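Alright, structures below, take your time with them.
Common to both upcoming complexes is chain A, partnered first by chain B, then by chain C.
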Partner chain A sequence: MGKYLLRRLAINVVLVAIAASLAYLLAATTMNPRAAYEGRQPPVAEHVIDATLDAYNLNDKTPVLERYATWVSGVVTGDFGKTWNGGSVNDEMGRRIWVSLRLLLIGTVLGFVIGVALGALSAIRQYRFTDRFVGVSSFAIMAIPVFLMATLLAIATYNVNRGLGFTLIEYTGEYNPRLSGWDQLLNRVNHLILPTISLTLGSVAFYSRIQRNMMLDVLGQDFVRTAMAKGLRRRTALTKHALRTALIPSATYFAFAFGTMFTGAIFTEKIFAWHGMGAWLVDSIHQNDVNSVAAVTFFTAICVLTAAFLSDVLVAALDPRVRVS
Partner chain B sequence: MSILQVRDLTVTFPGDIQAVRGVSYEVSRGEVLGIVGESGSGKSVTSLAIMGLLPRDAVVSGSVKLHDRELIGVDEDELVKVRGKSISMIFQDPLSAFTPVYTIGDQIAEAVRIHQKMAKDKAAKRAVELLDLVGIPHPDVRAKSFPHEFSGGMRQRAMIAMAIANDPDLLICDEPTTALDVTIQAQVLEVLKTAQRETGAGIVMITHDLGVIAGMADRVLVMYAGRPVEQGPVDELYYRPRMPYTMGLLASIPRIDGEEGPLVPIEGNPPSPAALPPGCPFAPRCPMRIDSCDEEEPPLTPIGGGRHVACIRSREIEHKGLTGADVFPVPVIPPSDVVRVPREQRPTVLELDGLVRHYPLMKGAVFKRRVGTVHAVDGISFDIAEGETLALVGESGCGKTTTLQQIMRLEPPQGGRVVVLGKDSAHLDRAARKSLRGDLQIVFQDPMAALDPRMPVGDIIAEPLRAHGHKDVAARVAELLSLVGLAPEHAERYPQRFSGGQRQRIGIARALALDPKLLVLDEPVSALDVSIQAGVINLLEKLKNTLGLSYLFVAHDLAVVRHLADRVAVMYLGKIAEIGAVANVYDRPAHPYTQALLSAIPLPDPEMERTRKRILLEGDLPSPADPPSGCRFRTRCPKFARLSEAERRRCVDEEPSVVRLASAADHGAACHYAEEIEVITASGDQEEK
Partner chain C sequence: MRSKVVIGRLFRNRQARYGSIALILLVALAYIGPFLGSYDWTDKDFLAFLSPPSADHWWGTTTIGQDMYAVTLRGMQKSIIIGLLVALISTGLAAVVGAFAGYFGGWVDKFLMWGVDLLLVLPSFLIIAIISPRLRGATWLWFVVLLAAFAWMITSRVVRSMTLSLREREYVLAAVYMGIPRWKIIFRHIVPNLSSLLIIDATLNVSAAVIGEAALSFFGFGIQPPDVSLGTLIAEGSRNATGYPWLFAFPAGLLVLLVLSINLIGDGLRDALDPGSNS
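Moving on to the complex of A and B:
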């Protein structure tokens, strides 16, 4: 087992290296960090710009492979270089990962749990009102793009707040820096409400459809009948035997959603003004920030591969049929 | 005193589908009631209704009393106290009947803990005891295994262990051995008998296999179209059936001790429960039908001796002493011209010489790796002469299907030679291979899966013709349809409009489209009900004789093989154990495996079943990835167990090859100590005693 884990790890390292290198080369050849300095008033002298860009390893006058070599030698020691204006990419990333995590963890987990529960319920009540209601709502939610949904939520909240005359629910930012202690914690929770709703709705809709199908497959199987023939109540048989088995395929989706969570919520982060990883990707592209783009891509590649590994491990943990003896 | 009383039980599904229409019976302590019927006769629905396990939209009426306590209409709180405690159920397919994600031991312990206040570790211990009782080796280790790690027979044993966990008063067995091989079936039936002795429970045994019922049941209930049509003690019912359907059923089954000659099929198909005919539901298929049969459905009336019959002509049948063969028209099958030429002078259509097929054994879903080799087919040789049927028999996993695939592939085998119609498959180019495919066709086991549901039947049959560039396809399709007993206008319909038997006929028509010389039949009748099966077997026999075909017939049902085949090859773990003319192999089997196989087959004859001595095999088929050294059968061989130490060494060290036996021209066995013995008493001998 250890040997296979190692081989798999080695393959993953190669894949990450390829993904990050391609991203770096693409960004370095197409982006123009010089633009940010050239258009300034008063104008900055060219040799000053060159010197600054050289210091950040962003000078387009240096051959791209040379810049790439410098970047690589930094990355292998854990240094992702400088942002377009000289900040540390490492510091920025270290901060933003936690922002994304705080924003997305609850929504991702909540979406999975509620989605699976609703999906299972809808399978048990197939073709009845509950099932049709869950089904129609899911499709309606899935049909609304997330940026529209988030914007609608924000507008609605704004109107509610204005109608009430005070801010009941926050709809922008992560927290109010002027508060401290418990007040700040409550304020953070308040800021989380809207983005979490917006994230959760989408994944609930998604998981409920998947789980419904998985559950329907299992419900017709003999072992559910056996469980009831043993003397288990219908409810117990359905949760302990049917749902437990039907959970295995959904777990794969969940593992991937969990892994890609950090950079998957660009719209949500932008609309609710959270400065997380997703928002960073968009911002750094705008700012011709080559090293940040490469760093985000690097991080995303690691997330995706971790997710793939996580999903295999999770399935093996849930399903004895695939375990390696 | 009866444990269970069922009175006028009816079950109706939405859409006015009357699955069960008035079933009444009683089961006493220690008694075995057999319920026989074809698929759709309502036998399984009846038992699920008793357990209260039908889907919620099913409407159940009538009365089911367990120890005088009514079970129909009571709420779940009451039912869960009965299920698994007083009544236990054993289901057909033991793989899907266990939850795949829990260990066998946990699932049995769960059954114990539902009804008995017991600590977890005690329940786990009880589960091990129960597994030991049903004959699972190393029960303490095996209790920690998951269902997929058990073989089919072991799972069914575990299922029985779970069913008797709470010492039930009644066991309902729904086709408990249908999914199992015969030698395993014999083991499981023994376990069931043990379980009954241990618990003293009454048993309701539901099956379509009249042989199994003959050996197990005290009384039998025959169901047709949702109703019992005949009921009585097992001997009476088997030897003196009084209802044409029962008579037809008994006459339509091929028997391993049976005489030659065509089988007696029951024409037509069982009625759909949504559209029952007026009057007696069997009337449209009944050769004794008179006009008054259509007027009213005959009630199940007592005729004395504990027997009940639902037929207005039962008195007449009794009076004249009619049997199925008297009543049902016996089809006439024209004899074959080819067989007049001695076998040696006929051309050989298929020759296999030391065919080998090994597969790499991969393990793990997360990390795939090769851990060994599956010896699926390990050097087998046989030949088929023109106009001959060779049957390949053996239990699942013995390599029958792999052999077929290797032949059908027409590619160079991994080892050995495959020669079809004189052409070696190793030396074929593309064009030769394609033209040879026209001479070598296959009929598949599952007629539902073998036909594309989105293609009209005419197109399905025309497909091979078009692929080989034939003209005037429509006329040929019409001709083929009438050849297999269907009407030419059926060509426009889609497969789902046909019954199982008819679909298999379509499959046969497709295989015949290119005028093949050799037809490969992969379990062609095993998915069909007995009354339908007889018709298809007769059709195959007729086609062979009139078209001069040769068959390679793969089957696990040895009774069907005896009926259809000229020669038989018994396979065990990728090797041929015994081969020869059917009469030689069946009447004087020389290999211990063949002997066990033949003795394991239940006969539809209660008297013989009770007096027969079975050769029971121990355990399961060893893994083909790790076959035993020397003789592959020695680990389960009853003969090996009786040999002296010195004699055994030869079995362990030296692999036996097929050796022709001195006493017969066409009979060989791969056993160092082959000895011909009689396993099946011919039915004639029995009567003389």
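Moving on to the complex of A and C:
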């Protein structure tokens, strides 16, 4: 087992290195950080631009491989270089990871819990009103892309706020920096409402579909009948025996979603103006910010692989058949 | 005939029936609708900027006086074509890569699956977002290739594991002993036996591609102006959706209907092709 894990770790390290290198080379060859300096008024002298870009390791006059070598020697020591205007990529990343986490933690967990509960419920009530209602709504929600959902929510809130004449629900930003103490906390919660709804709805629909199908599979099996036959109450048999087994696939997806949570939600962050990792990716592409793009890719690759590993471990923990083989 | 049975089953399924009717109506609207309107999507009406829906401009006009009805239908045509092409390419690629990896095993398998892992790790959004604005001026087919290139990996893993068991079936072994070349066996005996999986996957890939295109275009990373798609229209409309709702409502509504109808068909197909499973 230990040997297997070590080999897997080694492969993952190689994959991360290749993914980050490819992203760096792609960004370094196609992006043009010089443009941000050339367009300035009053014009900046070319040797000044060169010197600035050299200092940030972004000068397109240096051969790509040379820049790449400089970048790698920094990354190996844990330094991701400078952003296009000279800030530290590490600081930026350290700040943004927590923004994304604060945004996504509640939505991810809520989406999983509600989705699993609704899915299990509609399997138990198959073909009855609850089942049909959950099924139809999750189909409708899955047809609405997340950027559309977020925009619709923002529009609805705008109209509600205007109708009421005061701001009941905030729809942009993370918090109001002028408040402090309890007001600040309440304000943060208020800012969280809309993005959390937009994140949760989608994953509720997703998990409820999976959970319903798995639960239906399990309900017909012998061990559930046995559990009821030996005199367990229906509720106990369903939750302790059926639900636990049927939870495996959704739990795998959840482990994956939990691991990739740190990489942010691109659309939700951009539309509700939270400055997390997802928004950073879009911004850094627009700003020709080579080092940030490479850092985001590096981080995402690590998260995805860790998440995949996490979901494997979780399956082994939940499913005895996997542990034996 | 199996196909008759499947189609019969598909149309007995209520949601698949509604989905197909909706999809046929939407496609008809996209391709026949433009002939019914009195404006072309490139026309600009300089007497009506941002006018609300009226008898003359059925769905209103945009900030530069384009007829919203014509532009939206043009965008929907593009979205439908992109969805179809991406689904075809990505499912085809998934079938070929998965079947070769599973059938040949050994280093071919290792090499191909390693490529799949690498593509899964690379953030597709980032790669497409960096490359596609640089394709401005080139044909939009490049954008289709990019979208398809990042949509096939998970299916190819499923295909591979199914091929592993198909490889040991009697009819495959018989073909091997008859001396049929291995690549022919893959295309004649293995891929056709995966057809139900592939058909379902292709259908669901259409809706995924339509959403993916719209999402990338929403940030300006997808279809580049002057061309339009539902994504670019929604992006433009959402900027002032409260003041001029017709700019937002029509493309957004059509996108949701399109995706919903394809998903309903895909789900119905799964029931019809694969009655045993309920996943």
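Definition applied: the second predicted complex is superposed on the first by the 322 of 325 C-alpha atoms of A that agree within 3 Å, B and C clash if a C-alpha of one lies under 4 Å from a C-alpha of the other, contacts with A are read in each partner's own complex, and residues count from 1 in each chain.
By definition in this document, contacts are C-beta pairs under 8 Å (C-beta built on N, C-alpha and C of every residue); 3 or more make two chains touch, one makes a residue touch a chain.
The structure presented is a predicted model; accordingly, all values stated were derived computationally and were not measured.
In the superposition on chain A, A:Q221 contacts chain B only, with no contact to chain C. Judged by the touch definition given at the top, the superposed model places A:R95 against neither chain B nor chain C. Contacts of A:T300 after superposition on the shared chain: chain C is touched, whereas chain B is not. Legend: residue contacts after superposition of the two complexes on their common chain; A:R128 is shown touching neither chain B nor chain C. Residue contacts after overlaying the shared chain place A:R233 against chain B, while chain C stays out of touching range. When both complexes are overlaid on chain A, the residue A:A316 reaches chain B alone and has no touch with chain C. In the superposition on chain A, A:T245 makes contact with chain B only, not with chain C. When chain A is checked against chain B and against chain C, the one touching more of its residues turns out to be C. Looking at the complex, you find that chain A touches chain B at residues 1, 4, 8, 221-223, 225-234, 241, 244-245, 248, 312-313, 315-316, 318-322, 324-325.
Note for the complex: chain A touches chain C at residues 15-16, 18-19, 22-23, 26-27, 30-31, 139-140, 142-148, 151-152, 155, 158-159, 210, 213-214, 216-217, 263, 266-267, 270, 281-282, 285, 293, 296-297, 300-301, 304-305.
The touching residues of chain C, counted against chain A in their complex, run 15, 117-118, 120-123, 125-127, 129-131, 134, 207, 211, 214-215, 218-219, 221, 234, 238, 241-242, 248, 252, 255-257, 259-260, 263-264, 267, 278-279.
Those residues of chain B lying in contact with chain A across their complex are 48, 51, 53, 76, 80-85, 88-89, 91-93, 96-103, 110-111, 114-115, 146, 148, 159, 162, 166, 363-367, 369.
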